[in-house]
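Okay, so chain A shows up in both of these, paired with chain B first and chain C after.
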Partner chain A sequence: MAEFLTPKNLVIKIVVCSAVLAVVMCLCALVGTQRISLENVLAGPGQGPGENTDYEIFVGVRIPRVILAALAGAALACAGVILQAILRNPLADPYILGISSGAGLGVIIAVLSGITWSFWAGSPITVFAFAGATLTVWLVWYIGHLAGKSQVTSLLLAGVVINAFFSAVIMFLTSILKSHQLRSTTLWLMGNITEKDPSVLWVSAVCILAGILGLFSICHRLNVLTFGQEEAKGLGVDPAKTRFAAFGLAAFITAIAVSLSGLIGFVGLIIPHAVRLVFGPDHRQLLPVSAIIGGAFLVIADTVARTIVAPAQLPVGVITAIAGGPFFLVLLAKYSRKVSWLK
Partner chain B sequence: MSGIIEVENLSFSYSQRVILKTLSFEVTSGTFLAIAGPNGAGKTTLLNLLCGLLKADAGHIKINSSNITSYPIKKLAQIVAVVRQEFVPVFDFTVTEMVSMARTPYLGTFGFESNADKEIINEALETTDTLQFASRPLAQLSAGERQRVFIARALAQNTAVLLLDEPTSFLDLKHQVGIYDLLKAAQLEKGKTIVAVTHDINLAAQYCDEVLLLGGLADYHIGKTKDVFSPRQIEKIFGVSTFAGKVGEEKFFIPLGKFAKDSKHITSKPSNGQ
Partner chain C sequence: MILKKSWTLPTITIVCLSCVFGLYWAAASRKTFRLPTTTSPPKRIVSLAPNLTEILFALGLGENVVAVSNNCDWPAEAVSRKKVGTFWQPNTEAIIASKPDLVITLRFEQQKAVADTLNRLGYKVLTLKVEEIEELFTAIQKMGEAADCIERAEKLAGSIRKKTNDLQSKYGLANKVKTLWVVQVEPLRIAGRSTFVNEMLELAGGENAIGPTIGQYPQIGTEELLACGAEVIIQSAMGASNIDRQQQAAESFWSKFAALPAVKNNRIYVVNPDTALRLGPRLPEGIEIIARCLHPDTAMEKHNVALQTR
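Right, the complex of A and B next:
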């Protein structure tokens, strides 16, 4: 009797991974420039404000930040899984379709224009990043479908060309920024998680989780779509509809993640591969597990980023790139014999 | 008796190049039909038209008496399964995962297989003798084993019609015969209608009931294999002289070029295009 992935089996794996994520989040929330003790945190809020500062820092500052990191990590890892599947390309990541350059351009425009208004508790940078990312993705999609019949190749080409063009514009605009503007922009471009208003956090959480759930519902079709559109049609899957839904939802959760945390590289590329090496390529399992592991990875990376040169903070993108590479190589060395395309 | 597949006045061209012209034939349910012909005669194109991947310029194809274009993609995949020429997937799916995907047209919202689905998958793995490497990635199998997995997938799709594009290319003699035995068993035991594009006229003669010989454009012949396959016909369609012999009911053909050792024994002489 062959072994199948059952819902029960998957739920057990998700619960175990989620428990690990919860522990990682709690431990990371205890670590920081200001030392806080677990005992004080467990003691509760006390009689009033200021009585138990450890608890207040833990609940009011650290927990929202680790939740933010977990959400951004989950969204980027899921978007990586989806884009690698629909582009049938193991090298695809959430930024390959122009999301990074679009969001970056949005941020620079926000900084240059000196806009200070805020929209629904989000800073202009967050709003402009989201708008830039979303608009660029639709531009890439539109050009990709104008260009030719082989939509996957056209999409990739359109993404690469627009990325290159917008990156050049970003470099030009960065060179004319004033020094105080330059710092915030550069930090954002390198990936920077900062505390956000709770309402932004919760709405982002709902949007990202809903996006991931939507993607989960098409995972069995994505499995088939990785064989190409002829095979997908033969197995009853409409390639155009599935690709559109997958692309739209992946772009949506990436745009939210990018607007919250800046451009964090490597998570969307490496986490899907790492999870695939250990758990296999079935997207019904790959997507939820990647979301959790991606979240945990970014929580740890962010903790390192805010503590390693304390009291200063490093952009988290630096840590993900430095730590992600060797981490992936270790996995590769251990599991590569199981994976044909790595040979 | 009306056919499970009915093709009427079918024409198809790629931009300016006409591939098929006013082609008509019918396949009765439970028949094993071979589509043979030289390269570029439109065999694979016809197969792609029969599974709804391409749309005809003129004429129509009916499956179960309904026009193929009237079927939603999912519904058509419950009636017609396709085995294309062998390929290695981008990601390392195991044999079980691969065969399980055959159930995609029957799955619900989150796409998990029911117990009935699992039984069908297991049966397909057992029938094709692929259960022994069910947990291995497809890329680790030999070409013959991989082709058996693709046939297992098509069987697990549980369709009345099975279309195959050169199922034995790249396989050695033992595996070629093994694949045709599998297909014949599916026809005889499950009553499947099988349409296979093939270059091997001898295997087609031994295993198929009927053959559609495509010679390009409106030049085609369909009928019982023993009627359609003749040295003259093969020489006309393929432009190759053959030695024809007979074992039992069916003829066999050995293609012989002018430098072949036994070319003096050829049954059909080159006719200089006449």
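Right, the complex of A and C next:
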């Protein structure tokens, strides 16, 4: 890389990116199917529902949605960075180790069983998706470990096979779902952001931000790890421990993101690559910048999803793939000669 | 740690975010405890499902319906109402912007999420489950209570029940006609026994040609199809337009299963799903359409039946 990463340099980059994210979030909260005026929003809530609809739409619908999109985008982009690093595979994304199918299976079980209780204001779908994702990750990790020393390959294999197996179970279960349940699950599997209860949002925000901070604290070890296992040991970094911590935290934030917004594809794959192409491969910078850019990207994608076919809406996963693919290809064509993958 | 200083920034960010979240949460939860301000009958109703809209209009509340889902197309006046997103993905913003004092939704995941948000903001939401014929009557009753017109609701429910019973005594006592209700041809999907379509079939004097299945609308194989011995095939059209062309397409599709009695006797009917497959006040009409397909002798000639089903 051209320049050495200094703390000052990093702080400036993070501040600039955060400012961009803040501006994006504000602008997107002002855009929607209904035209609302900032003046009315600032006037505060009226006496009852329907009194000041602009305020209700802004505070009750758009802000939770924008925050949720930013959180999910940040979590997925971070998990993508981490998994690409520890698996040393540029095709890795947050879902490669079976989280998607595990969470999907959880959702279908929740829908099929018709459970209606809610746990800490989380709907059954959220709770089951989280449980499914966590259990699957644990299973993949456990089986990947059984296979022996060359963990990375066996981890990948275990992930791919468990993904395939759970997908088959999902197919079987969807074929016996009722029609309207089927539609709900399909939307979820395409990635669908809706308004959530503020307390759910709050809890998941704290968890995701804590997870990202935890990952940030081991970034320098990930840098060392990319030289190879033996070299890392020589430099005093325990590859197994680092990998375990990184994997656990990445899985945790992905599980939360997935349980909130369904399977939003592409963010976890292209954002880390795009940031790496533009800013370089140092993880101390790659991780926070990816988190912020990932959040901003998903906020924009969700805004497009909820306005483009107004008053109807599209699943946000459709937008991330349609918009993200070509954008990424342009970046790839422009920058790929400068950087080699995962150096 | 190489970058110790950079810790301060995330910490500050976290603290700031916590404050924003905390404030927002406090504001939102304060609203939750606000009681509904109105007790008078609702003047501005939003309906999120076609059958609920039909019930509202049948209850004489059409004047008060201010917004409906994109899928609500009956009665004709409903089409001119403001649209608030599809049945599958209602648009919360558009609902709030129409300033409703009663929102009526169906009970399934997508609409439940919207209902939760509206509830949290203090709006009055009525969530109904309408998946069986009996639930239709309960739904009408509940809507009558919510809109303060219980008498009209009872009258409407009573008249639908009476018409349904009349149809049952006219057609239901005849020989049961083995019927295959097709919802999709490629791959072949049919209505199973745990559906309201099946209830309608039985009221119209029919019998599902396929036995109990695991799924509600299962996919079936050729073997099962040939063995079922269906005497009549009813196929719900894809959309309400071009039913003539769909009838021709259906006849040519089924011609390869010439062994089926229904195909041999050319008893294949394509029906408009908006009339026949909507669990609302037009239920008796739906049953009658089916009954005419099943018992053309009791009703009239087949040719006319085909015309009537459109």
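Convention: the second predicted complex is superposed on the first by the 325 of 343 C-alpha atoms of A that agree within 3 Å, B and C clash if a C-alpha of one lies under 4 Å from a C-alpha of the other, contacts with A are read in each partner's own complex, and residues count from 1 in each chain.
Heads up, the rule we're going with is that contacts are C-beta pairs under 8 Å (C-beta built on N, C-alpha and C of every residue); 3 or more make two chains touch, one makes a residue touch a chain.
Bear in mind the structure is a predicted one, so any value in this text is a computation, not a measurement.
By the document's definition of touching, neither partner reaches A:153: not chain B, not chain C. Contacts of A:235 after superposition on the shared chain: chain B is touched, whereas chain C is not. Legend: residue contacts after superposition of the two complexes on their common chain; A:220 is shown touching both chain B and chain C. Looking at the superposition, the partner that touches the larger set of chain A residues, chain B or chain C, turns out to be C. Contacts of A:63 after superposition: chain C is touched, whereas chain B is not reached. Once both structures are placed on chain A, chain A residues 7, 216-217, 220, 284 are touched by chain B and, in the other complex, by chain C. Within the complex, the chain A residues that touch chain B are 1-7, 85, 88-90, 216-217, 219-221, 223-224, 226-227, 230-231, 233-238, 276, 280-282, 284, 338-341.
Remark: chain B residues 48, 51-53, 73-78, 80-82, 84, 87-97, 99-102, 104-105, 107, 109-113, 118, 121-122, 125, 131, 134-135, 137, 139-140, 157 touch chain A in the complex. Every residue of chain C that touches chain A in the complex is listed here, in rising order: 1-3, 5-6, 9-10, 13-14, 17-18, 21-22, 24-25, 27-29, 31, 34, 36-38, 44, 70, 83-86, 88-89, 91-94, 96-97, 99-101, 108-110, 112-114, 116-117, 120-123, 214-219. Interface residues of chain A, counted against chain C in their complex, comprise 7, 10-11, 14-15, 18, 32-34, 45, 47-50, 53, 56-57, 59-63, 67, 111, 123, 125, 175-181, 183-184, 187-188, 194-195, 197-199, 201-202, 205-206, 209, 213, 216-217, 220, 284, 288, 306, 310-313.
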